[in-house]
Amino acid sequence: MKTFQDIWRSAKVTRHLYIGPVSLIFHFRRKPKITNNLLLSLKRKLFHHFFLENINEAINTLKQEHQDFYKKESTSRQIAVIVGVGPGFGYSLVEKLAIAGYHVVAVSRDAGRLEKLVNRLILLNSNILAYSCDATDESAVKELFSYVSKNFGVPHLVVYSVQYFSPGRVTEVELPAFEEGWRNNCLGGFLVAREACRAMQAEKRGTILLVGSTSSLFAREDHLNLAVGKFGLRALAQVLAREAWPFGVHVTHLIIDAEIDEGVERNVNRPKANPNNIANSVLFLHEQSPDSWTSEMDTRPNQEKFWEHC
Amino acid sequence: MKTFQDIWRSAKVTRHLYIGPVSLIFHFRRKPKITNNLLLSLKRKLFHHFFLENINEAINTLKQEHQDFYKKESTSRQIAVIVGVGPGFGYSLVEKLAIAGYHVVAVSRDAGRLEKLVNRLILLNSNILAYSCDATDESAVKELFSYVSKNFGVPHLVVYSVQYFSPGRVTEVELPAFEEGWRNNCLGGFLVAREACRAMQAEKRGTILLVGSTSSLFAREDHLNLAVGKFGLRALAQVLAREAWPFGVHVTHLIIDAEIDEGVERNVNRPKANPNNIANSVLFLHEQSPDSWTSEMDTRPNQEKFWEHC
Amino acid sequence: MKTFQDIWRSAKVTRHLYIGPVSLIFHFRRKPKITNNLLLSLKRKLFHHFFLENINEAINTLKQEHQDFYKKESTSRQIAVIVGVGPGFGYSLVEKLAIAGYHVVAVSRDAGRLEKLVNRLILLNSNILAYSCDATDESAVKELFSYVSKNFGVPHLVVYSVQYFSPGRVTEVELPAFEEGWRNNCLGGFLVAREACRAMQAEKRGTILLVGSTSSLFAREDHLNLAVGKFGLRALAQVLAREAWPFGVHVTHLIIDAEIDEGVERNVNRPKANPNNIANSVLFLHEQSPDSWTSEMDTRPNQEKFWEHC
Amino acid sequence: MKTFQDIWRSAKVTRHLYIGPVSLIFHFRRKPKITNNLLLSLKRKLFHHFFLENINEAINTLKQEHQDFYKKESTSRQIAVIVGVGPGFGYSLVEKLAIAGYHVVAVSRDAGRLEKLVNRLILLNSNILAYSCDATDESAVKELFSYVSKNFGVPHLVVYSVQYFSPGRVTEVELPAFEEGWRNNCLGGFLVAREACRAMQAEKRGTILLVGSTSSLFAREDHLNLAVGKFGLRALAQVLAREAWPFGVHVTHLIIDAEIDEGVERNVNRPKANPNNIANSVLFLHEQSPDSWTSEMDTRPNQEKFWEHC
């Protein structure tokens, strides 16, 4: 008897259904958990003020803040969209940008996970919005950029740092995992960079930063699902840099060859990169003058063996 | 009013349909034209003998030949599967191998196109079979390898030379074309190499050759759809070489930086590679001893500028 | 009859003189014009004050300044040694560092050429010293670092930006030019980096920045004399980074793929890098935290074709 | 008191002696042991025949052979010059070429060491000459090629496989060793390739093969003296390929990432490359058609970790 697990495994396989001269290609995937950002935002703030037992004031403040967030200073402040915000690098980058005064849109499959981070930054008076989006879904990405452009303006800095890794030898890798790896490591980067570039090149300014890893340069045993996507993302970075730089859009590829410190106590003895310092490199790259742009740089801890991370 | 073209363009977009906790991801594609190989083969041979006005003898010969093809010498002869056989390199490689005495399975989306080539080689007494297969369809690829293994044995040489290129700036590339490029340039290579390796590593012998191009190393403007897949294919080649070499399976990456002579009179003044000579390199790589295997080499005409081809 | 030119050309050839079991290897070179820095410094300052017709005051001020220069603040200020200071990048880097408060030692074959720059910076109250040194002469380099260490302390930032290029096809390149290219592009970098690293690793801090170019990665026709040295310098950067990083010394390789604006009106229509902005990248690299160091980055103007410069 | 060792160490340092506007740059080195080839050859053959107690016949045969060697068939036979013939790869390549009917000139610092090899091959009726030459000495290299051209003709295949490695951290490497490494790994390759190319391009044919190693691509700790030269040799290979290919001269770079089996019983358990098989790759590269030349390929045993050798 087939278990549910078997059925699901089989459902994930891409199938080709031939209908006359056309083939329907399809597969099933687990639906990403999508949190409604505005509700999250409202709930969070209401809760916060409710706790202060002053609900009316809370709502007024909220409206005020809301307006501020969407309108005030939006001409002078820079807008950053960070796609793939997770513990470590993503959190630090979002925090650094928020505190530096950017309007930050922190994008994650499940924005609900960013609640703590967002709360803390809002208490610090930062302009930050958590946004749920599956970066591998074209219409979701289009919606994200149209939402950002309408409400804040054309972003100045867009970072793609989604990373997906499932180890396994080539002969054991199943097609759904292979596709899933590529979709997250590469196709999502294409969707995000394309929408960002379309908007930015009209403004003749902006930075698109794609995050690579050792597997962008060296494809090692058991790393198929990471390397195929990361190699592809690097190809995207090279092509788009050549195309977009002349239009004033800075496309750059940052190779992180490091274990990033997420504040959790594991592998205590191994060298770790402080994500704040990697975030500094992002800011540096974003602030470079167009006559001296960088297309690729690497970063790792000084105690780390070179190119040993995945 | 929407034209058929618009509808079709829209049908090709990958869509996500959320059904409870699951999402159905699908898009439409043109169905590859599949020619039934055996019918092709029968028709061809019958016609040939009918012309000789000796239909009974023809059928007997045919049966005899058929048997020969499937059984005789099949233990001593090497089996080669060439996926992506087109004019130029593919044709020459198939011809060289067939004449050298290999059992050749020439795989193409539309094996019907190979009829002339196959006819000519059969008249030369070669063992060749044209086989229609969409290399980006997992079940079709599995079927191909199971067919080959059952009828001929585990292949000794498998070449993946499918190439797909649709130029365009990143901002103008549509998702279906992006995916199509990657599926043909990379995912098909994964499916073919995985099945080949699964069969070969049990035998502790065999060669898997993946064909790259300049876009495997340099990703240039307008080449997104080629480069993302070719970079990914190179990642596959690197990973699989590290994994499969110790098991006696030679995985190698041949970078063709050349316009290949297809016998057609265009660009007469530009240097062209004779596909027969590139095929020699394939044979050389296949025949290397395990203690001195090559993982990557390039090839181009001596009159060609280096790394200027796509 | 041999002309002087012929004799000189012949004198430049490296010769091997066998003396018993030993061979003396020698060749002649033009002697670099060495300017005595201190005299230059005195002359400059005296002239400046003489012009003000107050020679006694001048001398007192000079003594005072001199003392300041060598002693005051030398514990708190950072020390930078820039080897190969020429118009463009070198000038800008020296100026930026001097104004930022570094003790700067500007090293050139002919420090006399730096007189104007040095004068201007001294009037801006900067701590700068011009120093003549042939970076390809081991004892001269040792003397430089011993002088700097004794008078200022162990340098915090050492930059090697000597570049030598004489075009020519391989078959036409003469040995003296070949050696001269390598000595300037690579051997000098070794001598400078070795002395810098020896001093720095005892302090467990410091940055050694080696300047590369497109010819560090791509060796093109007519570029033998640049590429052999630049490839070698990159090898040095890779080896030394692996060896010195764990000891707290940041070795990094900056690839400048640009025509640098030297303020002269030539090739007006071609994109140029503002050397001030490249200098910013040097400062950024120097100020990175050890947990997130960069080993290699490139830089070019956004209007520049990628990897087309030498 | 200074020991002889100290004096010698000091003598090896390159010194600059300034004489007016000129500087004399010199250092001492141990003289390579030069064996006179012809005497070696005569002695060997006479001894051989003397042993057979038929000295007159011996001398006649010798004269005959000598004549054969220099004149007969020299128009039809290909001429190969192998520079840097040592146990393992060099020996095997020389043997393979000699047996395949090439006129082989086996070049080594000390041709006397090749006596056994040469004797064996001559008994097999091969045309082989051992030639002593310090490949880093310009006049010696010129003499070699002028000798070969005059006596045999313009070579068809020239291989540079000199390798020099002295490990050590950058801070501990002394200048003489640094220069010696570069001279052997790179400068000698330049001298040999330049002379070969000058002769070959007039004939519009010929192959120049430069032998690289892992250190041609990856410069690791303790490998400065190998990597600087190997990176430089690769630069030479890239430049010369671009320049010489259009004139019909095939320049190619073979990267050997292997421990080569020298027939000695050490490291028995580590995978080794059979030098005969590497020699096959050399022959393959030499025999490629100009429309499909290879500029770079690697080779290693299938049991070897990738890119772990120096």
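Labels A, B, C and D are assigned to the chains in the order they are written; within every chain, residues are numbered from 1.
Please note the rule applied: a residue touches a chain if its C-beta (ideal position, glycine included) is under 8 Å from a C-beta of that chain, and two chains touch if they have at least 3 such contacts.
Fair warning: this is a prediction, and the values are worked out from it, not measured in the lab.
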Item to check | Taking each chain's C-alpha mean as its centre, the one farthest from chain C | outcome: B
Item to check | CA centroid of chain B to CA centroid of chain D, Å | outcome: 41
Next on the checklist: Centroid of chain A to centroid of chain D, CA atoms only: how many Å?
Outcome noted: 54
Item to check | Whole-Å gap between the CA centroids of chain C and chain D | outcome: 36
Item to check | Sites on chain A at which at least two other chains make contact | outcome: 238, 242
Next on the checklist: Which category does the touching pattern between chains fall into here: line, ring, star, complete, or other?
Outcome noted: ring
Checklist entry - Looking at the whole structure, which two-chain pairs count as touching? => result A-B, A-C, B-D, C-D
Item to check | Touch list for chain B against partner chain A, complex | outcome: 11, 13-16, 18-32, 134, 137-140, 169-171, 173, 175, 178-179, 182, 186-187, 190-191, 193-194, 197-198, 201, 215, 218-224, 227-232, 234-240, 242-244
Next on the checklist: For the complex, give me every residue of chain C touching chain A.
Outcome noted: 241-242, 245-246, 248, 250, 258, 261, 271-274, 277-278, 280-281, 284, 288-303, 306
